[in-house]
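Below is one structure, written out as structure tokens, with a few remarks after it.
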Amino acid sequence: MRKELLENVRNSHPLIHNITNYVTVNDCANILLACGGSPIMADDVEEAEEITSICGGLNINIGTLNQRTIPAMRKAGIRANALGHPVVLDPVGAGASRLRTDTAMDLLEHVRFSVIRGNISEIRTLASGTGSTRGVDADIADAVMEETLSEAAAFAKEFSRKTGAVLAVTGAIDIVADEKTAFCIFNGHPMMSGITGTGCQLSAMTAAYVTANRECTLEAAAAAVCAMGICGEKAWQRMTEEDGNASYRNYIIDAVCRLTGRELEQKARYKIL
Amino acid sequence: MRKELLENVRNSHPLIHNITNYVTVNDCANILLACGGSPIMADDVEEAEEITSICGGLNINIGTLNQRTIPAMRKAGIRANALGHPVVLDPVGAGASRLRTDTAMDLLEHVRFSVIRGNISEIRTLASGTGSTRGVDADIADAVMEETLSEAAAFAKEFSRKTGAVLAVTGAIDIVADEKTAFCIFNGHPMMSGITGTGCQLSAMTAAYVTANRECTLEAAAAAVCAMGICGEKAWQRMTEEDGNASYRNYIIDAVCRLTGRELEQKARYKIL
Amino acid sequence: MRKELLENVRNSHPLIHNITNYVTVNDCANILLACGGSPIMADDVEEAEEITSICGGLNINIGTLNQRTIPAMRKAGIRANALGHPVVLDPVGAGASRLRTDTAMDLLEHVRFSVIRGNISEIRTLASGTGSTRGVDADIADAVMEETLSEAAAFAKEFSRKTGAVLAVTGAIDIVADEKTAFCIFNGHPMMSGITGTGCQLSAMTAAYVTANRECTLEAAAAAVCAMGICGEKAWQRMTEEDGNASYRNYIIDAVCRLTGRELEQKARYKIL
């Protein structure tokens, strides 16, 4: 993974507008600062378009969506499209309720996304327009593993072709694909699913990466996914016998804060399908 | 305290629907993961019932309640009752405003709770239908101490008889009671009141414990309270001279993450009245 | 800086009503507890006045403001004024959207503030009634530096004369001024801008300081700013090579928790203009 992808974030400090859930919003803000970006959170329909206009990129996360914030998501997305800003969608819990599925589908219809990042259950829901997700975690049955990798990569490429977005399907193995190329990424640690919001954080960071690397969205999204995975690995190495998921959360953000382009190049583990 | 009460949470990974305040919601999500459960937060009336349906238990916390979320609390509670799911109520700040008191009373009228967990001031407010709480902390005058223990236990039993819920009245000494039996729990550390949200976290964890131990709600709630107290003690032992309440918060969640059934059995300190 | 200013907070435990954004609200609650205060968060218009009434002070922060919370801010502010409670305004992102600028201007018109705390871009927006802020961070062009210090102090004094509020303009150098006197404060560390919410946290803590020191608002606000800066310095000294902004956030709150009046006296670095 080219170190410039990370360094461009640190050098350009992309300002990212986040319309996101209140569960993990603080972690999203801190990881954006950690990676070199700058966060602003604003979800009222009265200011959503204006805030998007002063930013470089937009991150829409539908966790804890509500009747008040859904119109803000749509308006901000349309404005960001008009301005040519990258837009990331995190369809948290799509499939878990009709409201989430419908909101995600409605956004897909009205907004062109640069990247869609979710777990395999959420992405399958978007692809089929229906689904049954176990809360905000991926169904075991759907998990991407070595044996199902090429099938999953084909699925991501196909859905990328339909949506025009780069697909980032994250799990034990992550797939980041446009219609032609899929990065299969092996970085990360199982403990990352033991804290809330690693997915949300990754979506926010992905928005910073693609905003700072406008000419290579696929590669930038893949770099963000590798960076998160590498930091999950580094954070794990710091864990003592008394540490649990609260410290691990802090260590991951700390690692993002310390990560260098050189480390990204050296530690990224992926293959291209 | 039987180690199975904890192990059942780790083995069954109960999915808990939380309608909770935005102050401590991240800690609630992380402690649910730490104890072995799985969190989903959703507070819009359009999806509250549906989200509850895919979960095993429901945790309603009225901190930062608002006109938008109150109907979601009620609908989710009624649906959870219809499905036979355990429901926990945390009446944060009941007595501090009419809106909070009225909302808590309304919920008590329309929803059958498995457990009600609050400080003594909040619980007294519910019992009397009125009250004056100093913010979200218990009044000193109300504090449960060794001398007032049997009186407080009798009060909790009586209110349990009226509501049909297990009462978890937490403070320096915690009381967990149904109409016949009261666990008086001596675990915990005074520093726990020096961080925000230990009560909210305990309510969330209690929902996981009672969901994973359907046949013994009283004992499961008592186990959750013991577990939280033991983790407050273990976290305190980790504190260095530079650590304050931010690190203490992390250490408690870390300790929940590491707690074993064996430790719960060995370190729980309680008597039964 | 007199040690009594800190000790009065620890001795009187001021209860502070916060209407604040959901990004940094947990940190605001924990820093209030760390400094010796007690937080309550409530933003529904139905309870805002009542909650303010049981508190000692009010902290209004317009980050993630929305149509539902804006009326609560105004009502709570007016009630606090009627009761003679100190009120702090944090105009987060004023200048970044019309909604934020207008809301801040409307609040200034209807509520008398004891302290207004913001970065220089936000305060300039309030002073001119218009502005262009880069998100929630100060514009580089506006930064207060040694060369522009006396000019900035004169600006703060003048705006204090107009509003009747103590102005706390924070940045590399902080200025805390009433119409006659400006404290120029040199404590702090550049890394403080690398975490989200140090400004929000400072506003919350300032509310506690001025509530506990009713007869000397200027000095109390200056003490809060010094305390935050000193804790930023102490937290920095704790940083290891693996620590990043997540740990730094915790270390700052920890340092506030441990700060003594004596340290405040010894480590405060300021001059009076």
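The chains carry the letters A, B and C, assigned in the order they are written, with residues numbered from 1 in each.
Criterion: contacts are C-beta pairs under 8 Å (C-beta built on N, C-alpha and C of every residue); 3 or more make two chains touch, one makes a residue touch a chain.
Note that the structure is predicted; figures quoted are calculated from it, not measured.
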Original post:
Roughly how far apart in rotation are chain A and chain B when fitted on CA atoms, stated in degrees to the nearest 5?
Top reply: 120
Original post:
Over half of the interface residue numbers used by both chain A and chain C, so same, or under half, so different?
Top reply: different
**OP:** Please compute the C-alpha centroid of chain A, do the same for chain C, then give the distance between them in whole Å.
**Re:** 33
Original post:
Which residues does chain C have that touch at least 2 chains other than itself?
Top reply: 22, 26, 68, 249-250
Original post:
How about chain C: which of its residues touch chain B in the complex?
Top reply: 15, 22, 25-26, 29-30, 33-34, 38-44, 46-47, 50-51, 54-55, 68, 238, 249-258
**OP:** Could you pull out which chain B residues touch chain C in their complex?
**Re:** 21-24, 26-27, 63-68, 93, 96-100, 132, 134-137, 194-197, 241-247, 249-250
